[in-house]
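Worksheet for the structure shown next.
Order as written gives the chain letters A, B, C and D; numbering starts at 1 within each chain.
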Amino acid sequence: MTDKSQQFASDNYSGICPEAWKAMAQANQGHQRAYGDDQWTERAAEHFRTLFETDCEVFFAFNGTAANSLALASLCQSYHSVICSETAHVETDECGAPEFFSNGSKLLTAASVGGKLTPESIREVALKRQDIHYPKPRVVTITQATEVGTVYRPEELKAISATCKDLGLNLHMDGARFANACAFLGCSPAELTWKAGVDVLCFGGTKNGMAVGEAILFFNRELAEDFDYRCKQAGQLASKMRFLSAPWVGLLEDGAWLRHAEHANQCAQLLASLVSDLPGVQLMFPVQANGVFLQLPELVLEALRARGWRFYTFIGSGGARFMCSWDTEQDRVRELAADIRAIISG
Amino acid sequence: MTDKSQQFASDNYSGICPEAWKAMAQANQGHQRAYGDDQWTERAAEHFRTLFETDCEVFFAFNGTAANSLALASLCQSYHSVICSETAHVETDECGAPEFFSNGSKLLTAASVGGKLTPESIREVALKRQDIHYPKPRVVTITQATEVGTVYRPEELKAISATCKDLGLNLHMDGARFANACAFLGCSPAELTWKAGVDVLCFGGTKNGMAVGEAILFFNRELAEDFDYRCKQAGQLASKMRFLSAPWVGLLEDGAWLRHAEHANQCAQLLASLVSDLPGVQLMFPVQANGVFLQLPELVLEALRARGWRFYTFIGSGGARFMCSWDTEQDRVRELAADIRAIISG
Amino acid sequence: MTDKSQQFASDNYSGICPEAWKAMAQANQGHQRAYGDDQWTERAAEHFRTLFETDCEVFFAFNGTAANSLALASLCQSYHSVICSETAHVETDECGAPEFFSNGSKLLTAASVGGKLTPESIREVALKRQDIHYPKPRVVTITQATEVGTVYRPEELKAISATCKDLGLNLHMDGARFANACAFLGCSPAELTWKAGVDVLCFGGTKNGMAVGEAILFFNRELAEDFDYRCKQAGQLASKMRFLSAPWVGLLEDGAWLRHAEHANQCAQLLASLVSDLPGVQLMFPVQANGVFLQLPELVLEALRARGWRFYTFIGSGGARFMCSWDTEQDRVRELAADIRAIISG
Amino acid sequence: MTDKSQQFASDNYSGICPEAWKAMAQANQGHQRAYGDDQWTERAAEHFRTLFETDCEVFFAFNGTAANSLALASLCQSYHSVICSETAHVETDECGAPEFFSNGSKLLTAASVGGKLTPESIREVALKRQDIHYPKPRVVTITQATEVGTVYRPEELKAISATCKDLGLNLHMDGARFANACAFLGCSPAELTWKAGVDVLCFGGTKNGMAVGEAILFFNRELAEDFDYRCKQAGQLASKMRFLSAPWVGLLEDGAWLRHAEHANQCAQLLASLVSDLPGVQLMFPVQANGVFLQLPELVLEALRARGWRFYTFIGSGGARFMCSWDTEQDRVRELAADIRAIISG
């Protein structure tokens, strides 16, 4: 049993899942070619192509900051701009990484509904300015599942990609929690990406049980030209690449990636179901992935902290985020819910 | 017994050493704070401070490309220049990473002797141009051990740092194989860095038995201002940082870092001793670390390849590099030497 | 008499004033050293030092985009951020230039009152986030006169600079229309800059009657270290520098810079006085420099355009900007006012 | 008569030629649209299209540093490399500007003969490395006329462009002294550019008699996509653009660009003819443009300086560069030659 204080703060507080660990152990045999020219990397790439039912280009980066920033940089030039939600991680929590990797591409925030961009909000920002004094929109980035725990349905994605096509914009998906979206919707990875018009996906491994590492999938292969050089120059080419790719084999070969996401989602649903009927408690967003956002009175938040729980409150006044992960214990969920209930009753 | 073909191609073809693996396993317990705010990261930093006998600032990056490029970028502005050897890894094998991270700092190559810069060669480049049309030299970077397997002795380092101080230059050390230099010289890490005037060291972990990761040590703490932000923006802040830092604890707590280096060095010495007296074989550089550079007839190289050996030949005509690592088997060294002997005799 | 259509669209639609032209003609004698090592450049710098009553560092750049972006880049690193008004030119009309020159520094927009930042709005943005995932605020940039034609009074500037000092922020002033602010307030350039705590000023020459060129004045000389290299690398060092600096001599030596600004301001006041009492006409901002922002019914705007007038309407719904310049003819102002009056009466 | 000391130091020590001046005076009438949306800019672009006999895309930048750097940046990405001569201005005298504008593209120097690249030297560098650790060559840049006063003939250009096409490289021409090359060869601008396979030309105006300004001509129009945004973001879009473009109209409409170049070339020929037969004097390069490079004994150089002459000696030991410009006086050439003769005889 682990220290409860860190259980719901973030899904990257979790460790390495058994499947990833086992694959790393297997990969740790003897010498292997470096820089991705090894069998594990080839196997991982093949697993992605099978899972996504398409011959996509696959690259591996160390973390989401780099994966998303490199992908965006490959989709535009420095004088172009990237349309994103005002709650998008690339805008709010990457310390200017997209601007750094692209050498200056500006992020333009568009209005979102439940953390999701809409064709209308994209169109409004894309068409706001057409003059040379404003960076030309060239990319739309959406997060699936979103930063507030909601998901885009296939028809929403298709409407967005149609808008992008109409406006000459590339479509990028930040999939730090892509597995959770697949789990919630019961859709195939293909349905939520290239079949819906997504050009590039950054598929998150870290939050899904890996130690480190994200995969970048180009469904539009032309956009991947020389992307390997881009990764190398930007410090994202691992020499012992097998230790980044083998865990993917572990996650993908028997469906662990989806099981873990389903588990985390269920924990989130459980938490929501246990507290959402309490007086003074309000779900800020529908629970569609592994996060629960609760509007709670400040006194309740303080009491929760006093009981040792840790969580972030960066969204709105009084809002608290509780994140579940692949290894969240249901008993802990119940304990948290009981504490909330007790505090509110008390 | 492993496939011989990959044994001597590169020291990053090796896997994860037991000490690093064990620490990762220990770190993989329950939830931990992310982004370096965990106990393993603090412990690793403390180990570095103890080992280097000074209160240095310690940061962790994913690989050497990033560690060195970020360090150099922190030591100069885009309109400054970096003096390095013409064989320096940052110049020859980083795909423009230093220029990318610094947004344009030019590398100026200086003549080297046995892969090593000298006060004279530094001075010559630093003073060649003083006008505004040429990027102002601001940093010297040296590699310890060098790319050709030689090492800088403390008095050489002191002479270089004195020259740097005289010319207003910061001194950076690329320590991808720093452990091998310590092992060869029998010097303490402090003697080979800050006591000799080095401002910043990038201490390589990957070649020393880790899966991934390098440490950046600022002995001049003022130069480290906001370096954590720099790492974050550049995609080098691991969320599950403990898996980058715990292996360092494993390597440092009982001296494994030095044992591994000593072993690799001994393998290199063994190889050199077994073949250097052969006719037609010539040591291109003194063997002071874990690499052996042999001048061999092209026919011999071909015959070696035909027998399944892999090695790089990027230095000069006919030169072949054989790298030993923490897990190189001495039997394999003898087998390689025997093959060289047999081919030359044949 | 010139085509009325272009008279009020922008103050950079104007040409070269006689004083600047004459100085260029005088400078065009024989050969002169290049890259600023000439007498005109030295004279211009001296004039600035005399005018500002301080031994500031003076540099010349080709335009405001570059002058402001280079100045901001010198005040922060790529992982820092710049606080500006949401109407700041650097945010709205520079196509990502500040982000490009700084290699990624994010602009953080703060609320403004009448186009002006306040200590409170700066403080709010500067203290909003203190974590490593958000670019650290390091600079505040204010525009004097602002983009909506208002000016900061000395006491407002002092309050802002005190806030900056308190928060560890550098203070930059975009002075594209600095002369107009001086003219309106009757303050000396020193009172509106270093005496009020401004670190760096970009003094606009183009809108003040020059063909091309801005001056960058560092009152905090330490911040100017190697700024000449920065300009050179960024393509902002003119070879025939005398043609950038001589016009400044023409503008500064007999006070033309201030006369031109006074004239433009008076034209703006005249326009405002002639139309502000009309029904349906509303001054959007107090007229304190050379711009008049009128809230007009859409039908009136269309009628004005039909009569041949050109103006921008980028601020709010129905707002029209009329800019006066050093060479605006008062008859044209009266003609415009008469047309507005006629349309509204009609 | 002007001060002799500055006459031969550099061709950018010269002033504004009458044709450019007159055009600027004419352009300085009333108000004009800004940012290139004016009649002078359209006229200048048309003149270029007529002169080059093709419908090229034309842009204007403030100086050669920016024009060349922006053009190169548009031809490659940061992880690509640019092949140039080791004497290329972009390599030796731009303070890292190409690296800055491209965000890190490395310049790879190739051997040159008489300052000129050859198909062989290009091929050697382009094929030296094919791995991901080395920036992928993507552009070749040549200077016409070269930095040592030689010119590429059409057949040389065609051989180079064929090599580029074969290797997948774009071909850029730095034409700071393009007019001088045309004048020497008697070739049309078209013959020396797009007809010979050049993709982009930076046509120098400053050294040809303008105050400021270069033109960038894309013969391959696809490569010019969004180049206007690139210029704007990089601080190279003039607000009062007419003062950059009108001088071009002055230079191009009656052939002044070529007359000035012919004059400068003739002065260089005159100087060479007057001194090349002297004992101890050696022409370092054939005189094909407006520069004369003389190998002179150090004592002679000192004596020349003592007599008040200024010149650069940055090429080899004892080499002195004497540059002629559009306004060089033949009497001054004779005076310089006489002084050299006298010193050597003395």
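Assume contacts are C-beta pairs under 8 Å (C-beta built on N, C-alpha and C of every residue); 3 or more make two chains touch, one makes a residue touch a chain.
Predicted model only: the values in this text are computed from it and were never measured.
The minimum number of touch steps linking subunit A to subunit C comes to 1. Centroid distances from subunit A, each centroid being the mean of CA atoms, peak for D. With each centre defined as the average position of its C-alpha atoms, the distance from subunit A to subunit B rounds to 34 Å. One inter-chain figure worth recording: subunit A and subunit D are separated by 50 Å, centre to centre, where each centre is the mean of the chain's CA atoms.
Between the CA-based centres of subunit B and subunit D the separation comes to 42 Å, rounded to the whole angstrom.
Within subunit D, residues 78-79, 94-97, 100-101, 103-104, 132-133, 135, 229, 232-233, 237 each touch two or more of the remaining chains. Within the complex, the subunit D residues that touch subunit B are 78-79, 81, 92-97, 99-101, 103-106, 132-135. Put simply, subunit C touches subunit B in their complex at residues 35, 77-80, 103-104, 132-133, 135-136, 226, 228-230, 232-233, 237.
The touching residues of subunit B, counted against subunit A in their complex, run 2-3, 6-7, 9-10, 12-16, 21, 24, 27-34, 61-66, 69-70, 94-97, 100-101, 103, 206, 211-212, 229, 232-240, 243-244, 327.
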